[in-house]
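Below are the structure tokens for one structure; questions will follow.
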């Protein structure tokens, strides 16, 4: 017997830009990449070729566009929740997962003032949110991607076991560089998502800057614990940190010293450290 | 109370090329991208900054290089298994996950014969394998990525529900294009991985070519069922198919007909259909 | 005084797929990425904001679509020439440059026969063509991109000068890997472009395989000279070869020998060697 | 007769990071991607396989690393000039072209103050410089890449000619979005490159924000003329602007108005407008 064990389908990479125009204020840009996925009573679509319950992914795309007009006045979390609730309106849908990535724009600065209708894309990170809208509960996750950071001090890696294949030397002072992906889950959807995003980002960067790192693993624990300690709204945090190695260049053949000054940044291979940390039962 | 709920770490994007030289035969190339991840008794690394049990990811990289010399005479599955077993030699490791992607090379053809020492990279897909080496069992998965295919006949999509946001017309004849990711799990690690890879790829392409598709969802079911039907060694198959839409161009403003001839291929947005199918209990 | 020294404009990344359907034969796919650029009497567009002579780039795109219906029965060179001539129909255009990249598809093989309506994208290279359509002459260039090749024998690099910053050892036997970009110019547009493409590709690969390489520079010369020697239709060849270094891994810390067997392929940094070779005046 | 018409070779994608440590100040990061190319008396390398005059590209890489220690206290232009002059020390070199891209980092902000040893990568653009060091003169170019900007007001496109293939409507109010590449040439290498970079960037953004655009072509002219008008040190400017189309979504099927609010940003196809503007002879 052959059975369908799991399935989901949807539309990904939906690009949409909303221009927010208001008299007397510079135009704003909401620049989103949206993905929608549905789970539910869809087995017959697969096994019988029966489309009578298939919400077309083209319809999902149209809905994302229409909701950018009607439901994008607040946070991306609110927009994603509105989309998720909409798709639950189809009774065959058990769960709608709506993921949104927001790309930052800010007004061009002209002689100290924001231009009314000209913007520059930028920022140091991508803000992300995922809403899991289900029949019994809605779960909201928020997060950060593409935040590239480096510690030029306060990072070590030593005391690890050595075997036949170990050549790495212990070091008490290394470069630590990474591209942070951090996703946190709120205990309830009813949060001030914009304010929390700002303060959690601040916590993350502050602790990244100030902690002493004995390993990337320990750095994750320290940063995530700070998020959970300072932000009671957060129940769980996942973090994935590539270790983007910076190799100290041997300048001695050229008669030069290199006291932690000149490095070759590399991406292949890289370390990859992932952990999920949560509030446990007391 | 704050607890570590899950963690794994390792080295990703390890690139290694092995040149296989044998007298009287053209040189062969094994061109791999390897990722290794460990799980086990690593909590103290995170919570206490204690590296005494941390297998350094640099050591993992070195091991992958060394094993490319000693353990890469057969399939990538065998190479990954050897690496996985090696890391289980550290008692704190509960599970080692070793993923390998193999990039295809073949000898340059010179007047009908293979060149002895010149190769061209190519092929239509990337072969992948993942070995989960654990204390109680070893699980082997194999698969295909980056296989881009198109049906110019035998694909329809109709009969789906229509709501306020639906604009897509029913069609009985559309282009279906996708980039196949298929991963199958063997019931036992003791399989002839190279032979099975070839025959499963053949099954996949053959059924892709010959089936009638009422939807991408049904196509997954039909292709995966054929794999399970024809290959008793396979217990479970996961497939992820983006629907790479090809939009029929309206040539009527130019006084031209367009009977399914001229299309604009797009990647943003795309459908994304995912399913896992397995042998169930009878 | 400020003057416009050079200008050109157009549409790039026009994606178009033409399905060629003919009874009794498997469907074929022509999958193109097209770029069109115009030069001519356009100064007023820039300096005066006068669009009265501006062929809209949206119109260029539409024309590329329409010509995929009407003018894509033969080579991409012929399609590009038709487009180029069309744009010369606007008197303000002095030169139209049309570049086409063709992505290869072939029928899925089903039990030894080509499937009628199912194709797989693949191939080892991208075929390219650029037509420069001008008032006095039309020049046709054809070429190859993305052809990744490797020599496991017959490549050396030695005898180069050594200074304070030189650490590379002489070697008589190294891996040479590269991604070939080769563009050749025909003496006249009236060539059998499809046949010539095949035979020049064959020349290139054959000489790549058989020559001894004292350097990437010399390899370019040897390959290009062979193209010019064997293909009288070609007047000039440009080639750009990155040197995709493969670093021999030092396995001696692990007690292993490494006699040109295990390498780490790298892309950053890479050598980059470029040359243009042509028939000169006798 | 077959002749070498042009040739150059070098090393590309040299990645180097310099950490600048100074007591009492936050650490700084100089994060560069460097390319070096040489031209000169190298014909015998190609035609005779004679490496006796070939500066090894590996040596170029080492030199870039060593100069990151010794010659990277000021602008990237000064670093590139130092490298260029160094390679002219080999008499066979006629011209050394050194290109540098600098990736921006700034200290993490911790409660309003810069962290001493933690930085975040970011910024809205990539700063670039190219030095052409020759026997008779050294030419310095500087520039901007990857600056993505949008005008939500003040952009039109109308009055263009209409033919059989024209479907685009005239518009007096469209979104204009682009990724600016701008390269300017200084009249002399003896400029304050850091200060000029800042002020030219400011000019560019200010004029982008404030000008009315009848076309991308006219925008280039207006922006470039402002650079030449305000910055006497600049002799010539090249600009390449893709037109990253934003398509107004038709929301009317959903009963919604869309007064320039909801757009789909696209990248394929895109317009591409390029011009070089210079000071002419009076």
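A, B, C and D are the chain letters, set down in written order, and residue numbers restart from 1 in every chain.
The criterion applied here is as follows: a residue touches a chain if its C-beta (ideal position, glycine included) is under 8 Å from a C-beta of that chain, and two chains touch if they have at least 3 such contacts.
Worth saying up front: this structure is predicted, and the values here are computed from it rather than measured.
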Shared chain contacts [chain A and chain B, defined touch]: C, D
Centroid comparison with chain D (C-alpha atoms), farthest chain: B
Centre distance in Å when chain C and chain D are each reduced to the mean of their C-alpha atoms: 25
Chain A and chain C: spacing of chain centres that average the CA atoms, whole Å: 38
Inter-chain centre distance, chain B versus chain C - centres from mean C-alpha coordinates, in Å: 29
Centre distance in Å when chain B and chain D are each reduced to the mean of their C-alpha atoms: 38
Touching two or more other chains - residues of chain B: 15, 62, 66, 165, 167, 253-254, 266-268
Overall pattern in which the protein chains touch one another (line/ring/star/complete/other): complete
Chain D residues within the chain A interface of the complex: 15-21, 27, 29, 31, 62, 65-66, 68-70, 105, 108-111, 115-124, 147-154, 175, 205-206, 208-210, 246, 249, 251, 253-254, 256, 258, 260-266
Parts of chain B lying in touch with chain D, wherever the complex brings them together: 164-165, 167, 253-255, 266-268
Touching residues on chain D, where the partner in the complex is chain C: 1-15, 35, 37, 42, 45-59, 61-63, 66, 90, 157-161, 163, 165-168, 214-218, 220-221, 225, 228-229, 236, 242-243, 267-282
